[in-house]
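Look at the two complexes coming up: chain A is in both, with chain B in one and chain C in the other.
Showing the complex of A and B:
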């Protein structure tokens, strides 16, 4: 027989979102990174184009989480507490395509660093690397609003990805993003309708669609991954079917989520059947990231250098020369 | 063309004899329409019904079994996405045993794998199959490896042996154990004869859709239905795409020659790469994956992923209702309560851990429902919680007499105090993510 491949064409297309800005666009990045643009489900190359391949970011900290596993300290040592130096190392040694600066230390109960201090750290990272920057916050509304406003202001024109707003707290940060030309992450708790609602709220305040990235909220492997996985598939299917309020690229956090689970830290002597502690953390992150990749993630913020290497290699293998870069 | 339950009902005898195991013909017709039954289960089906229903009543993807003790069952899937219903038969994980490793090393490896199992949310996760690869020259190596596996294990065996005579002798050893044969060359009549006479299944290897189609048709024409398809590609993107196309063709286009489980031998440069490949294949339709390595940490990650992906989305995983220690709690540590919906448990225990304190987490039996759903259904209220706390004899385990309830069910606090004399109820935060700040601001003991 001559087998005819059953193709299903989509009417919708995922919005293309560009992160970062070069001098020409009013920023100081050496290049920009564009995500999105898919007209088919992940890896369905036979029925639609993927204009851009998924990208891998790494994260640096204003204050490293005390629970991070030793494996991370082994790789980063003291630079774990030096965001500028760590960013440089992530880009030059481990091939990070973007850097996320996590400002957890600004949380009133986790150090209460001021908005000015946070802005200084972001500035420092912008100075130490030339890739586009993500700025990642937390859920203390009052404080993060202050912090993000300041960050947006000092990074004006850099088109940072401001991570994140949620339904109960979006106006201040979204307005700052519009005023100072940044892109925004809309985070919702593992639910298609809530995700859609937040995107509608944002576009209702004239937030430009080409500057929205969705975060469906990542559950790590073994900790609710299957919910994230299926919500992402459903969001992507609806987005491709023409629901414009779900047709945004998706960001996930396999690094942060995997670094905090017990499986990344527990000693092999306590759990012999779990295997080597040294590599288990990287494995946990790889399995999390890979499943999110096949369910629709375009931007992955990752931690373990070995996991970054493996996932980047797979993205390259899977997308090959199909897509420009 | 898929037939509706009513279309099928018209073709049945309508005698409601019940011999098919279903009380009425209508109910049987509905089962047939959902591809949960086969027409052959009706002893009185007319020739007409058989012809009309023939193809339509078979499951779109065959169920294939390997092994007789711990049988691995794969295939019989009905949807492309797990949220549409569920994925029914989890990916079988096969560990490769190469005859070149030598008898002693193989024995050691088999014993280790047999003893290996890891507990996760009430399930013991283990490898399912062995792939015995004859990569040394002496036929005796192959036979002795098969004997070792048979003697020390009840897992199913897939044989990968290029020498016909050795293969036949090997199959003789495990002829009662539903073996599988991995063919790496074009299917021949001899292969079909072997599979049929040893009641085994054949894994067909092909390099194009047409190639696979031709081989599957040939085997089926010869009466062999236990087939597994191995469409080879070195590129992971290509593999996912191929798996998707084969599954979609079988489910939506009713292409019978693709309606079989899918096999992948995972080759990789290193174990990080191996895990990345295997993870993608578990998500995207591989029915069996064979791994060249035995690495506990890698298997634990893969098993967990497999458990996540193959969980029925309509029946969330429940955790055992009991008291869980978070950190190293003492009898004086704070006490939290939530339901036994796995995600609630994971979120709450994770955030208590993040907060840096040690505590007792009481996971109440709410039939796996989340806090608000369980409350609305009357399964998580003052009365049920008090009863649960008494049943598990919590007062004998701890000295604390304060309990933190989820903020979403603040309305039950009075009721709970009434039902639980001597206890003080503290209304906690609504979102688990707020636990770290909650514990800093509230006196919990």
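Showing the complex of A and C:
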């Protein structure tokens, strides 16, 4: 008797979202990156087609977080404060497929950089690398609306991934994305309904579905990852079952989440049994990222070069010769 | 030392003495009376408004009150200083002229369509007797002779007599040559003579049906010989100042002295209403011999001065579900001191006697084939599904929004409340106000209409946020952020704009979401779909009318055939009324309480998911509301 793998067939399919724009499409990127398009659960190659592989982005900063682990400083040294140079290093040395520019320094309590300064940094990064760009903001509504409006304007046509809007603050940024042709991250706090509601609100204002990426707001290993995992899985199952308002590709932040946890940063002298800080942070990030990948993430923003390397290798291994885009 | 001033605060009849030039808000607070000061005495919120009916005072001018209102003696307590003996009314606690939705006619028409029994045979009633005069041959005691006389028309059994009655007996029996009236209480299997008087005194024997809601308290004064209403009164529950929902009340009660305080506040609230109702009916409170009280389990615990703490803590166990009959003097109620007070039995900690009594007004126990849904959209939302053969129930914390609390422009369904609202094609508001008065705010039914109209006319999005494009020229600034203007200041009673803010709308959406999702969970637990329900009975403090179509549009009620819905208003009060009329209803509610299965939503992980799904207009899953979808697609 031969064993047959039971197969689920799905009526729905995840929306394909393309990031970046080449000269032909009105931008200056050397190529675009497309995510989504799956017709089955992650890595269930036996159940349906996965038209695009998950991709790994790395992040640069307008202002490096004071609490970032030393391990990161060892890798990046002084370029940590030079977003353009750091982006270049991420792409050429560590194989980042996209670059996220985190504009935390525009937060009124964290430096209060102006929208113009922020736009200048984004321009710099666009100039230093040719991969598509993600622009990552914060939760100070008034300020981030100003900043993102400006960023959208100066990056017109580049189809950046503007990261993010939330239910209580989406109109201004979404309108700017429509006006200047960018793609948008819809972020909601680990809840299937709230995620769906925001997507409905966006499409109700005629935001094009093929330009929405969801961020289910994940936690890192040891900080609610299990819960995150099951919410993402449910979002994906509903999306595949035909719920169009949940059928968007998902972005996650295992880098940011893991870099700040105590376990990744604690001094080796304080916790000798935890092993070297040099690699501990990478392990933490790998465990987080891998779980998120298996629960449905298509776009991972990561920090630790070793973790990036490991996750990229794993994706390659799992996909093998499938869909080599 | 300067002479102190006497400040009399109505409707509480509290008198305090204060130094000249004392701030009135401080004085009222010192008297421990429930006046809220949202802005902390800044003179901007208008919450501390009082009416001063006599005496001199000095008030700083404030934008929160119009000149017209000021000329009628209204003032902000926080901006007012006492310069004389004053009489001050707290308008928020004056009687609420809430009319009940149904009355005798309702029962006359539906005698056979309700689970309760509608007949006048109260467990406490006046019985006229002819007591034979004693003689040397018949030298039985007065009490024995009364028992003998009673035995003729009322089959004998143990009869006890209260001590206070014995003291009046010799006089009463002899005054009219043996023609006496006794007040007999037949409750819980025993019989008590609780009063006696000569027939010539022609006293009426009255009863009180009372609903203790978390937010409002309402009662009917009833003639126990005919069952007719003699008077009705309602007001806010004075406990409101100690927290809006039952959980915060329970928390409040946990400090020393606080349980007593809450108990005193509810007794005080009821006594004030008794005074109103008995004055308007011309019946002295001493003629009230029986009270049937219904309320949720926490309210009943506080009413009986029992510690409610264990209702809140897992495994959520109350002290008692089926309270015994108590005497009014033990509680401090202003009734006849020997009056008996009985409370309707509860199913559990979160499904109280307000529900079991409400069910008496529905046909839920008459049928074994049909399935009924009963929902009480009170501050503590409670639901029951089933029929004669099975009943399931659950509760949810809905909040007091539909009773007019926690919403800036909200108010109970009393005079001045906007009870219906329509928006026309040009975006203009049309509304009806209770008693055709100048509008003061919106009651529950008005708020349901408002939200539905704002939604279907595209003023708010599905998340309840204003849509710039359409709402722009109605937006005004308030201290709670942007608000949508409903009635302009000069047209309103208080002279202030009546406005709804996004925060208010979020509050309404939370409330309707809690109720809908609890319904949906309850039905799922019973393995039913909404369309399989044959009738839905809705209770709550919305006001006289509840627009079913609009309730569906906002996702409060499920999108099923409209003819299946009936709105009952305060069914807890009506149930208490039935309990007053005959004790047979007591056995019915006891049976309901015993045979109902309680589903605990707090421990049900799926509830949270149902709830967040319902926090949208009408719901995250528009497919659950096909008729609303049609309307929505058309307007878009």
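Keep this in mind: the second predicted complex is superposed on the first by the 324 of 325 C-alpha atoms of A that agree within 3 Å, B and C clash if a C-alpha of one lies under 4 Å from a C-alpha of the other, contacts with A are read in each partner's own complex, and residues count from 1 in each chain.
Here is the rule we use: a contact is a pair of C-beta atoms (placed from the backbone, for glycine too) under 8 Å apart; a residue touches a chain by one contact, two chains touch by 3 or more.
Not measured: the values here are computed from a predicted model.
Of the two partner chains, neither chain B nor chain C is touched by A:70. With both structures placed on the common chain, the touch criterion links A:167 to chain C but leaves chain B unconnected. Touch criterion met: A:294 reaches chain B, while chain C stays clear of it.
By the document's definition of touching, neither partner reaches A:153: not chain B, not chain C.
When the shared chain is aligned, chain B comes close enough to touch A:282, but chain C does not. By the document's definition of touching, of the two partners only chain C reaches A:197; chain B does not.
One of chain B and chain C touches more residues of chain A, and that partner is B.
For chain A in complex with chain C, the touching residues are 167, 171, 191-194, 196-197, 200-201, 204. By the touch rule above, chain C contacts chain A in their complex via residues 461-463, 468, 609, 612-613, 615-616, 620, 636. Chain B contributes residues 81-83, 116-118, 120, 209-210, 213-214, 235-237, 240-241, 244-245, 248-249, 252-253, 255, 271-273, 275-277, 279-280, 282-284, 295-302, 304-305, 307-309, 311, 313, 342-343, 346-347, 350, 353-354, 356, 433-434, 436-437, 440 to its touches with chain A in the complex.
Within the complex formed with chain B, the residues of chain A that make contact are 1-3, 5-6, 8, 43-46, 66-67, 108-109, 139-140, 219, 221-227, 229-230, 233-234, 237, 260-263, 273-276, 279-280, 282-284, 286-287, 290-291, 293-295, 306-307, 309-311, 313-314, 317-320.
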